[in-house]
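Okay, so chain A shows up in both of these, paired with chain B first and chain C after.
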Partner chain A sequence: MTAIAQRASGRRRRSGRPGIWARLSRNHLAVVGLGIVAGMCVLALMTPLLPLADPNATDLAARLKRPFTDGHLLGTDQLGRDMLSRILWGARVSIAVGAVATIVAATIGSLIGIVAGFYGRWLDNTLMRGVDMLMAFPYMLLALAIVAALGPGLLNALFAIAIVNIPFFARSVRGVTISLVRLEYVDAARMSGLGNGRILFSEILPNVVPVIVVTMSTTLGWMILETAGLSFLGLGAQPPQADLGSMLGDGRKLAITAPHVATIPGLVILVLVIGINLLGDGIRDVLDPRLKSGALSRPRAMTEVAPAAMSQPERSAHSNAALALDRLSTEFRIGHDVYHATRDISFQVAPGECVGIVGESGSGKSVTAMSVLGLVPTPPGLIAGGQVVYQEENLLAAPLPRLQQVRGGQIAYVFQDPLTTLNPLYTVGDQIAETVERHQGLSRRDAWQRAVELMESVHIPDAAGRARAYPHELSGGMRQRIVIAMALANDPDVIIADEPTTALDVTIQAQVLKLLDELRRKHNAALVFITHDFGVVSEICDHVQVMYAGEVVESGRVQDVFERPLHPYTRRLMSCIPQLGRGRNPIAAIPGLPPAVNDLPPGCPFAPRCDVATAACTPRPISLAPHGEGREVRCIRPGESPA
Partner chain B sequence: MLVYAGKRLLMTIPVLLGISIIVFLIMAMIPGDPVTAILGSYATPENAERLRDQLGLDRPLVEQYLIWLGNVLQGEFGRSYNLNRPVIDEVLERFGPTLLLAGTSLILCTIFGLLAGVVQAVRQYGWQDKLISLLVLIGISTPSFWLGIVLVLLFAVELGWFPASGMFAIYGGGGLGDLLHHLALPAFTLAVVATGVIARLTRLNMLEVLRQDYVRTARAKGMGERTVIMKHAFKNAAVNVVPVIGVQAGFVIGGAVYIETVFQWPGIGRMLVTAISTRDVLLVQGGVMVVAAAYVLFNLIADLVQHALDPRIST
Partner chain C sequence: MNEIVLEAASLEKSFGGRGLLPWGKGKRSLQAVRGVDLQVRKGETLGIVGESGCGKSTLARMLVGLSEPTGGRVALSGRDVAEMRRNARSELRRKVQFVFQDPLSSLNPRKTVRQILEAPLDNLLRMPRDRRRERVAELMQLVNLRPEFVDRHPHEFSGGQSQRIGIARALAAEPKVMVLDEPVSALDVSVQAQILNLLGDLKQRLGLTYVFISHDLAVVEHLCDTVAVMYLGNVVEHAPAEEIFRSPRHPYTHALLQSVPTLGRRSDPDALSEGELPNPAAPPPGCAFAPRCPRARDDCRQARPPLERMADGHLAACYYPLAREAGKDASQA
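On to the complex of A and B.
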């Protein structure tokens, strides 16, 4: 499933990543922001050319005129000066000061960051400790202290604001520089005899620029707000010079009699900064992929199910099965592409039986497993058709509350990586106990007691003590036992284990396998075991389903399949098992890659990699056909070897 | 926990020393004769001579710093000649109101920011998400001094629901109810920007956390969505948001300067603005030093909270 998502993004990138401007222009909010900022800048630049009243011409007869009076679109201030003209001239000053402060901070900060990151050692230490000290101050307070020392004035305010923003540039630029310096091509440049200066300019600087631009786009808005703030306090622009902040500060004293004098300049600042922030967010999304995660979707509580998959099963169709999948198909819809992750998966598992699902990564094994209880993330997942029958009920049609009863109750999962699977912030005992509490309605105390018993049943020594441990305090094997104990908590009828041993050491793998086998026999639970390792299948499973590119290509009893694999893919997969005592048998990797599931060929998807393929394999789909007792295979030349 | 708190407390010592160096150096940036700047119109020859001796101005810079640091450690920040009282007395008297205002704002922005971010993440792309995103955008783009004026015009002047300024009513004020009544508007105004920042960050972290394997595990166990989100996802997101709340404390304390000016709140911010205008240098120095030290303490608390939430942080 992850493989599909990765391939999806990978494919799109290959098919021509659009340019920065194209991607920015696709973000409507960023375009609105760009419009506001560009409009304001054009107005500010053109102010001297516009037919405006003199911003400093006082006219005491026309004091405090309201907006929309004749000759004064935005009214006049306490000295009868035209507000529109003053605001445009003031905005000009505010934008210029904000922009210059940003450039000063960016230049000095980036220089510190590059030098610290590039030369490292004591220089890095000294510079960054200094930057840390600046960061240790409350933001505005340091600016105030600087203005206090230098004295009030617009230039000093600009200087103060620039200084307090230097750390933001220094830190982010240093981080990128350090990661660049460690890269091989910088080493290569150094080997080829380029001097440090040349490397800085030709290799480091071009790669640091996006980070500087992103930081500028986030800090520009603050810097305009803060310089306006200093002017508002009377510490920035001094009369007769005026920026938007000082106009607001002057207007405050008459806010009650003439609110427009103070409110309009503030509104202009607000709109300007909104524009800058919208544009900045857009630029950040385009240039800084790390922060893009906010644009990603969170998975819903259950997978979306198409109406086609909601039908109820016929009675007693799967009477002796603990769980039966019937033509289950799951898709991923990403943009306009549809990825057919699994198609028409059918199998059943009886109580006490173990069915193995085996295939390469990306073959649809995990998607099949997660579709059973609606755990495939939506978006982009969609269960498009089929049935999952448990006790004569199609679970795909079940509403969330019903599904939550079954999840962890009658059907339980064991996932692959026990470190990421467990919540790092809660004790393992708590995580087992909560599922007991949920499904058996036990008290906290009894649930904890039960959790300890469960941990003992999976052979964890000192279970009572370990229950109070956090996941990171336990070994990998121990964590996987916890996850298994969690699955057993409510005595499930079915356990679905998704590559439960892949993340573990070989010796621990054997222990975990033995444990699972022992438990399913003791509890008479049905076990669905997913793996890419045929060797593991042979150890624990009764039946096996071999999957390729989202389809079952062969199924049957493990013994039979092992003795005589029918599908060429199964044969190749089995030759990947290293065998003890067979000497240096060459382990054959399967050449080629599975097809992309959004672009499947009409015929057999394995044909391009197959050593017995003929012309008849490719024109039309090949169906899964019975072949001998209890076996099925999706191949027109079953059991044939290459000539 | 106690060991960690102790270690962390020791780590604040170099930070505080660094802050003191910067505060000292900034004051050394004052152009011209510092004694004239400090004394202003009180610069009689006797006064100037005494102060020059006190500050050790005829000695090297390092020695001057050590003299100053020694005084500061004894709570001796010098004297405000404008107010004719010791700097430390004035600073401590003004610090309480600022702490009350900034603390209240910090509580408000933490509650509303976290809440808004969680709602946004859970209802991603829904109308709640879009509405809150818009409010957050406006919030982080608003000049808080302007918002204060607008709120005064609306809620104090037009509607008369809240007082326009001050900390207590001049006649018959003084109770807790009166204080809260006066606190409401400035605390809200001050909280707006930080609320936006925290909401954004919470949303981002919640979306990230909701994609994690352990959230899938919680769902696979059959846990209800409320438990999945509030227990499994939120606590993990909060671990990343808490340090930023500590940083926001700095923005809130800094922003208090505007809000105190707009609402005539008798705090340290307004004191600083007046002191800068009247060139009362020692008062600025003392005020900045005390507030910066308090901010270091805020960050220490944020660190300890993060440590309490996350068992993986051990050193």
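On to the complex of A and C.
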């Protein structure tokens, strides 16, 4: 058992996912924003120390001096006060008011959100209805009303701005809190004896903080703008105190005679708010979990293919196969690491035949399937070598239009989760009809008719009625039938099904398996069936490929492989699965974990867990070798058991 | 026979339909658990099987006092769990613990393994700090994790390792009873085998009683002494494991067993009629299984069949149960 511990945690996060600062600094606009904000803040902080004129000292003799006049770098205003000094003092006030308002709004709003989200029920109802009422008023109008009620003044403007911004915090914080409360670790904390108060502070709050920070960084700019707005209207800073908004307001009347009086504070507000927003967006991108791990970079329409994988197949090499994979290798390049997700995968499927690909998660089953039609996301995916031969053509070398013609046409996919294939906004009938229309150019009515026929062919009761249903109105099993109907729409030669029944209950799984089996025989389609379940393989497949750490370790006729597994991995995997009907038979676990595919040993990747490994297993790669009729195995001691 | 340690009587749970305002009350509620009676004896492993949405997890959460029943009661060694939840919560948590399905989401990403394991030691057992350190090391050893992992965060672990931490957290309270909600469903088969063996081993060494929830019949057969089969919020069959797998009496249990793909045997989708799963918010009258039951007759749709004794220790809720041994072929692959 200690072997498990020794394999420790092969997941080195740091290599793949750089830290917060590194990611922020990659976003050039955010860096510009950071520069502006930092510069402004330093200036604001240092203002009292700078050798500036008194911002409120009037000198009517020197009024409305243009910028760059002696002693007044930015000129003077209508009362002869030094503009530079007023701008700096004013920016100081504006930033301070904006920041304080943000903190007040964030504190109150987050408190409301976290309490509402955590306690739910009537407390949630009451608090959130109150917040909704705040939001029901036009934003600026509400602020005006609050200042009108409290009386003009900078402090009251601050309160008004803070209050109108509370809903933004309350809502987003409530949202995350609700999703966190549902997580099992909150229940786990309850089971560990923590009370509500401690759960709020030690389990929920730390995970909510990023959301609060993001909301703060994206609203600060607005709040400064709003404060300026109130001051501009004379409701914020009162004379003679300078803030950017009141300066703008003062200058407005002089826009023609002395444009600099209004232009300079206007420019400062503009630059400041842009800087804050750029920085805020950068922070959001870095902290928002949904945008993490490169989800920002949209993948291309097809996987990048290395030149090595572009060669054309030799004629008649795979003459009777519907689809043939030949030494297919796909990798992912993340940071400095190369993940060899699949290596050297070769197999073929004949029409009407079913080939199973079986293995544990991460063994490369899905990547194999998706490589066939270039569906592996790039970046980071790259098809590094091999061929996918369909009708004497290497699909890896095919241009995108050709691939799109084949996708959903002659080669169709069925995925584990039908909701990834179905669009929630259209009826299922529409979606099947659309597939038919696109590939066969039928009229709308004929296509709809065909859609209903297809739904009947997958045994959907009341197909004509169900065609008008939306995906969410159907059960999981029905949805998967719809996806199968879509896959059949254009009479495909090959169906690739990736764990199509894994999300279904066993009784439904049995029905869907029967359906797939019936269809491939009726339509003489080749079926590539991916699963982690040996029972399912034995149920539906003729041949099987067993995968481990990105390689096929053994292949052959299903019955042969299961009756007499040759590779130690297959043998041990089969003996660690509880089998129905075997009572309380002990199961023998395989110690350890599969290797990380970015750090593979030179020899057999199964060697550290293998009970018949020898010194010859580790120095160099083991090749897949024929072994008896129709079987292949990647092991130098096939079929051997420990003494 | 051993004493009963955990008991559910007419246990019910409905969600929704209880609005704050008068007009909210009319809303249709969903009854997730509809009158369950169960008894768990000291030292046994009770398996609860059923398909998704049949109320397994809702039942499990009520058994450990994580949620409050809307009807009926749970008793722990004769004491009402609802009452303990109010007055003796930490005693309740010390006696019965829970292992969650998703090994990753059941661990707070911001805490170290040590913090996670020390929480129950501190809050439930009031253990002094130095003793806690020792105990954490013991717990790590108990679940076969290397002691130096204790200062790592959950994301640094694989699924199987995370589940070991979840088990260690539950064991920290030194409970008598453990309720495990699909503890191996999220794991790969080879890792699943490691965890199953660990659970069997721990049970022996610590004299635990398990309530083991799973949708995987083979896993339940491997691990459990008695099995309760749930369908739409009800227990429809309850019997010793050997008995239920050899000779299921309820047509649903039979259909489940026939549907499991097994090496060397074709599954039989015809053990079920092609009817749809019923909507749990609007269950059919009478036997909930009737729309899919090949044996259903008219009177099945009138009144719900009660859970009745079929043979020694074998309970089933069906008007036309299968004959004894009829399902024999099902289990002899």
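Throughout what follows, the second predicted complex is superposed on the first by the 484 of 643 C-alpha atoms of A that agree within 3 Å, B and C clash if a C-alpha of one lies under 4 Å from a C-alpha of the other, contacts with A are read in each partner's own complex, and residues count from 1 in each chain.
We adopt the following convention: a residue touches a chain if its C-beta (ideal position, glycine included) is under 8 Å from a C-beta of that chain, and two chains touch if they have at least 3 such contacts.
Note that the structure is a prediction, hence the values are computed from the model and not measured.
In the overlay built on the shared chain, the residue A:196 is in contact with neither chain B nor chain C. Within the superposed three-chain model, A:391 lies out of touch with both chain B and chain C [touch as defined at top]. Across the interface of their complex, chain B is touched by residues 129, 132-134, 136-152, 221, 225, 228-229, 232-235, 245, 248-249, 252, 255-256, 259, 262-263, 265-267, 269-270, 273-274, 276-278, 291, 293-294, 296-299, 301, 373, 375, 377, 400, 404-409, 412-413, 415, 417, 420-426, 434-435, 438-439, 470, 472, 483, 486 of chain A. For chain C in complex with chain A, the residues that touch the partner chain are 20, 51-52, 61, 64, 66, 89-90, 93, 97-98, 100-102, 105-110, 116, 119-120, 122-124, 144-146, 149, 152, 155-158, 160-161, 166, 169-170, 172-173, 188-194, 196-197, 215-219, 221-223, 241-242, 245, 255-264, 266-269, 272, 274, 276-277, 292, 330-333.
Against chain C, the residues of chain A that register as touching in their complex are 1-2, 4-6, 8-11, 13, 121-122, 125, 183-185, 187-194, 203, 206-207, 360-361, 459, 461, 475, 477-478, 505-511, 513-514, 532-536, 538-539, 562, 572-574, 576-591, 593.
Listing the residues of chain B that touch chain A in their complex gives 15, 18-19, 21-23, 26-27, 29-31, 121-122, 124-125, 137-138, 140-147, 149-150, 152-153, 157, 203-204, 206-208, 210-225, 227-228, 231-232, 235-236, 239, 249-251, 253-255, 257-258, 261-262, 272-273, 275-277, 279, 281, 284-285, 288, 291-292, 295-296, 309-312.
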